[in-house]
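Heads up, the next two complexes both have chain A, just with different partners, chain B and then chain C.
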Partner chain A sequence: MVVAFAILAAWELVTAIGVMASRRPIYNALSLVANMLGLAVLFLLLNAQFLFAAQIIVYAGAVMVLFVFIIALLNPQMDITLSRPSMEWAYGLIFGVVFAGLILALVYNRDLTGIPGPFTPEVIDAFGNVQILGAVLYSRFLLPVEVTSVLLLVAAVGAVYLAARKIR
Partner chain B sequence: MNLEVVVVTLIKAAIIILGLLTGFAYMTLFERKVQARMQQRPGPNRVGPFGLLQPLADGLKLFFKSSAEPAGRDHLLYLAAPMLSVMAALATFAIIPVSGPGYITILGHNIGWYVMNANIGILWYFAVTSIGVYGIFLAGWSSNSKYSLLGALRSSAQMISYEMALGLSLVPVFILAGSFRLVDIVNAQNKWWFVIPLLPAFILYMIAGIAETNRAPFDLPEAETELVAGYHTEYSGMRFALFFMAEYINMITVSSIATVVFLGGWWGPFGVLPGPWWFLIKVVVLLYVYVWLRASLPRMRYDRLMQLGWKSLLPLSLLMMMATGVVVVAAQR
Partner chain C sequence: MIVNVNAIGIDYTTILPELVVTGTAILVLILDLFIPADRRRILALVAILGLLGALVASIPLWGHNKFAFGDTVVGDSFAAFFNVILALTSILTVLISPRFLRARQLDYGEYYVLILAATAGMMLLAAATSLMTIFLGIELLSLALYVLSGFARTQLRSQESALKYLLLGGFATGFLLYGMALIYGATGATTLRGLALVAGSPTAGGNALLLLGIGFLSVGLAFKASAAPFHMWTPDVYEGAPTIVTTFMSVATKAAAFAAVGRVFVAVFPALQYRWYVPLALIAVFSLFIGNLVAIVQDNLKRMLAYSGIAHAGFILLGVLPGTPDGLASTLFYIAAYAVMNFGAFAVVTSVGARGEETANINYWRGLFYRRPFLATTMTIFMLSLAGIPPTVGFFAKLFVFRSLVVAAQTANSGQFWAPLIVAIVMTVVSFYYYLRVVVVMLMTPEGEVTEREPVGASMGTVLAISAAATVILGLFPGVIFDWASTAAGVHL
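And now, the complex of A and B:
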């Protein structure tokens, strides 16, 4: 388990660096896909099989495909040369140090084992991962689920409206 | 996670991969033979008895061909794309139970008839196929050719659109079976195959499945008359064979899932044959339908294809899903 996590963590770091470091946009996008796949496998290590599938289907399979589409269609030149403002590195350094400090403070001050809830691995094995997630989502968290779905509906209607207006 | 589980899973995966590759080879022969008969021709019959060694000859030919590569390609992605396609095609089969309901006992070990009896079941299929889209898209993009790029765009747009209808057409099954696990779904069909109460969903699934695998009459990505060969125009030799392999294995997988989910998987009407044979017969019948459609239907226009997907199949499968839910809840009252 620890070995698997170490390999995955290394994978996540390498792909995350790939998202920023590559000079060609399609490789940036593909690194992000690889990063999301690694994240999905992390969910799998935590016994969250449904999240594993949802992460891949929604993010790697749908959202990132659109990114890659756009990049492939709009990117005739091989390299993008940006004029690099010198202050960029300084900002990056400051925020990086602050963020690393916050994480270190958390790691040293908190007990990271967490509190066991009602859904122990035994309970989940008895009822099934998907079934329990569904039951909880549609009973205890019904309101957030419905509000989110209305939000997505509004976004979809908005997108259709904008697209239709352009055609006219 | 003990050693036994790892070893058994690896052996099962190797068997499944070998089976799928053989299945792919003979699917090409089956398709050519059946199509030839439908067109009043004998079909391949020179290599071996009844042309049975034809796939081997084709494989050898492709293997020893030189691989021409287009200038200005993106080398890494050009090499990775066919591998990604085949990997995704092979990995999807892991969840399919070939027989059941029990185990086979070999040397005192109880071994299930599947590589993986995952809790998420069919969601694994959707997750892996959504990765397979990248194989096709990157093949078209990295080839640095306009035919390839257009073919890849068409193909991936088609796959993403029809994946929705494909997934939603299976939801009524989950409602009836109460599980994503394919073994549970087949066991729930002990008395009645789901195709009987859910015939519309089965038809929706098959149409969406044919579009998802880019087969005739929805083979727009490879429309020879306009796009040469679509996303794999610039591929030759063994790399071309890999795309071919992925397409045929995807056909086998779509048929297998239809068998497991709608046609009762390993259950036969009178229990005459052992489970795996029933499974095989049903899959071959569905593959025959694929070939039949290819031999008899003309290709659709692309805008009609998209309209069919978004304006007909998607609402119909949503309707089917709601109707099933209402009936199941009403029956429980």
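And now, the complex of A and C:
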């Protein structure tokens, strides 16, 4: 288990660096696909098979395919060049160091226990993965689910308004 | 596994204002299909009626503390206070919208749908008592505002404004979510009630995971409130967006963001005040410095008001610093005062710039008193109030915030509250320069010929008169609103 996690964590790091290191947008997007696939396997390690499938179908599948298509439709050969590299690099460096320091402080902190939730692997095995997710989603998180539907409606209205070629 | 949905406490009265606003948005969306293009005023009317309904539906929440839907929302005085501010802001916005939209050939029904959706998101944020609903409220209002910033979709400035807001907003949302994930990891709770239980335990102050999570959460909220150093988007977005959208956004978004800040820091984490005091005080001091100092050199009124908005975010945040209901009451009063005076100021900019955006340049305002005396007079009132000169409401807003810091310093008997207070007082004096500069410029003799360009319009005239009257009357009788703010600030979990 620990070994699998270590390999996956390394995979995630490498692909995450790939997202920002390459100057070709298409390689950035493909690295992001690889990163999301790794994340899906992490879900699998945590006994969340449904999330594993959803992550692959929705993110690595649908969302990223759109990304790759859009990049291919634009100019995939074009390199990204930063016009004024100096200041951006300085800001990024300062921010990166502070961020790394915070994460390090976390690693050396002894209180990283968290409080375990009610859904242990045994409980999930007894009731079934999808059943529990559905039950929680439509009881404890009923209102958030409903608000999400409004959110999607607003997104659709906004996207149609901005993208429509001609409005009455 | 048996699920009992009723056990989570389904109570539609707690979210009735949000439901009414969302329902109105859907109704407007459908009506837009049938109403001919030249009669879109009906949509504005429907929107106003819906918002009035939400206003009425908020009043029964006053004095209650009704948790519902598995502790994800609450109907209390705090939520009702913000619902009233938000509904009134939206009503005033919609009142002055049709004329502006027609002049810019932007008169589409989607505008009202998006304004209503943003209002629903803000109301949800004010009532949210769970990390999930806080996040969804912020996303709902942001998504609608991204599109509204780019509503003048054929104009490059508006497109740029929308894209900048979207990209930076997405980045801030990332921080917000990361913070929430860390908080969940540390506490195992998503509801604020559950969080407050863990945060009250003696070991919470040493839990790095929780503290880092709170830190990232504040970054996300400070972005929405446009507090420095997370303010970079504000001037560009405010300048590029259609002025009417800026008017709504500058007031309502700040109010909603501070509703979440107030509930999270004062109600959930008061025990950790000694931990979050310094970072939050730094954000306040940064906002005061950057907002006031950069506003001095702005020649574009929309940019000047954007920086002034950053400065006011600093003032508003001062009331949260003590971590007490008394301090929060002064913050709530400030938000109400800011809503009235800043809405008015931007509405004047809207009215002056109804023909095109270049009128936001200060040179155009030269001699406005002689050309358009009504607009210039109301603008003077709003500028004096924003500067904090008695007898306007802006003076008492600052006074109450300063007083809450002095009280906190005396009761805690520690010097830490003096530093932000001194910065705030010095920066108030600095702010006189750029607010009064507008008044002076308007009083100068006009260069060209004195011609009346176009009348103000009945609805705009009414809205400006109401805002100006409220700025003065609330300044003469601040006690009423302050009593309400004190009641609303007594948030319980």
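Odds and ends about this structure:
Throughout what follows, the second predicted complex is superposed on the first by the 150 of 168 C-alpha atoms of A that agree within 3 Å, B and C clash if a C-alpha of one lies under 4 Å from a C-alpha of the other, contacts with A are read in each partner's own complex, and residues count from 1 in each chain.
FYI, a residue touches a chain if its C-beta (ideal position, glycine included) is under 8 Å from a C-beta of that chain, and two chains touch if they have at least 3 such contacts.
Bear in mind that the values here come from a model prediction, so they are computed numbers and not experimental data.
Bringing the complexes onto one copy of chain A puts chain B beside chain C with no clash. When both complexes are overlaid on chain A, the residue A:I57 reaches chain B alone and has no touch with chain C. Residue contacts after overlaying the shared chain place A:Q49 against chain B, while chain C stays out of touching range. With chain A as vertex, the superposed Cα centres of chain B and chain C define an angle of 130 degrees, given in steps of 10.
By the document's definition of touching, of the two partners only chain B reaches A:V130; chain C does not. In the overlay built on the shared chain, the residue A:F69 is in contact with chain B alone; chain C does not reach it. Contacts of A:I26 after superposition: chain B is touched, whereas chain C is not reached. A count of residues in chain A touched by chain B and by chain C gives the higher number to C.
Contacts of A:I7 after superposition: neither chain B nor chain C is touched. Contacts of A:I17 after superposition: neither chain B nor chain C is touched.
Taking the two complexes aligned on chain A, the least Cα distance separating chain B from chain C is 12 Å.
The intersection of chain A residues touching chain B with those touching chain C, taken from the two complexes, comprises 131.
By the touch criterion given at the top, residues 102, 105-106, 109, 111-112, 114-117, 127, 131-132, 135, 138-144, 147-148, 150-151, 153-155, 157-158, 161-162, 167-168 of chain A touch chain C in their complex.
Those residues of chain B whose C-beta lies close enough to touch chain A in the complex are 74, 77, 118-120, 123-124, 126-128, 130-131, 133-134, 137-138, 141, 149, 153, 156, 160, 163, 178-181.
Of all the residues in chain A, the ones that touch chain B in their complex are 26, 30, 33, 37, 40, 49-50, 52-54, 56-57, 60-62, 65, 68-69, 72-73, 128-131.
Looking at the complex, you find that chain C touches chain A at residues 1, 3-5, 7-8, 10, 15, 22, 26, 29, 37, 69-70, 72-73, 108, 110, 113-114, 117, 120, 124, 130, 132-133, 136-137, 139-140, 143-144, 146-147, 150-151, 153, 162, 185-189, 198, 203, 206-209, 212, 215.
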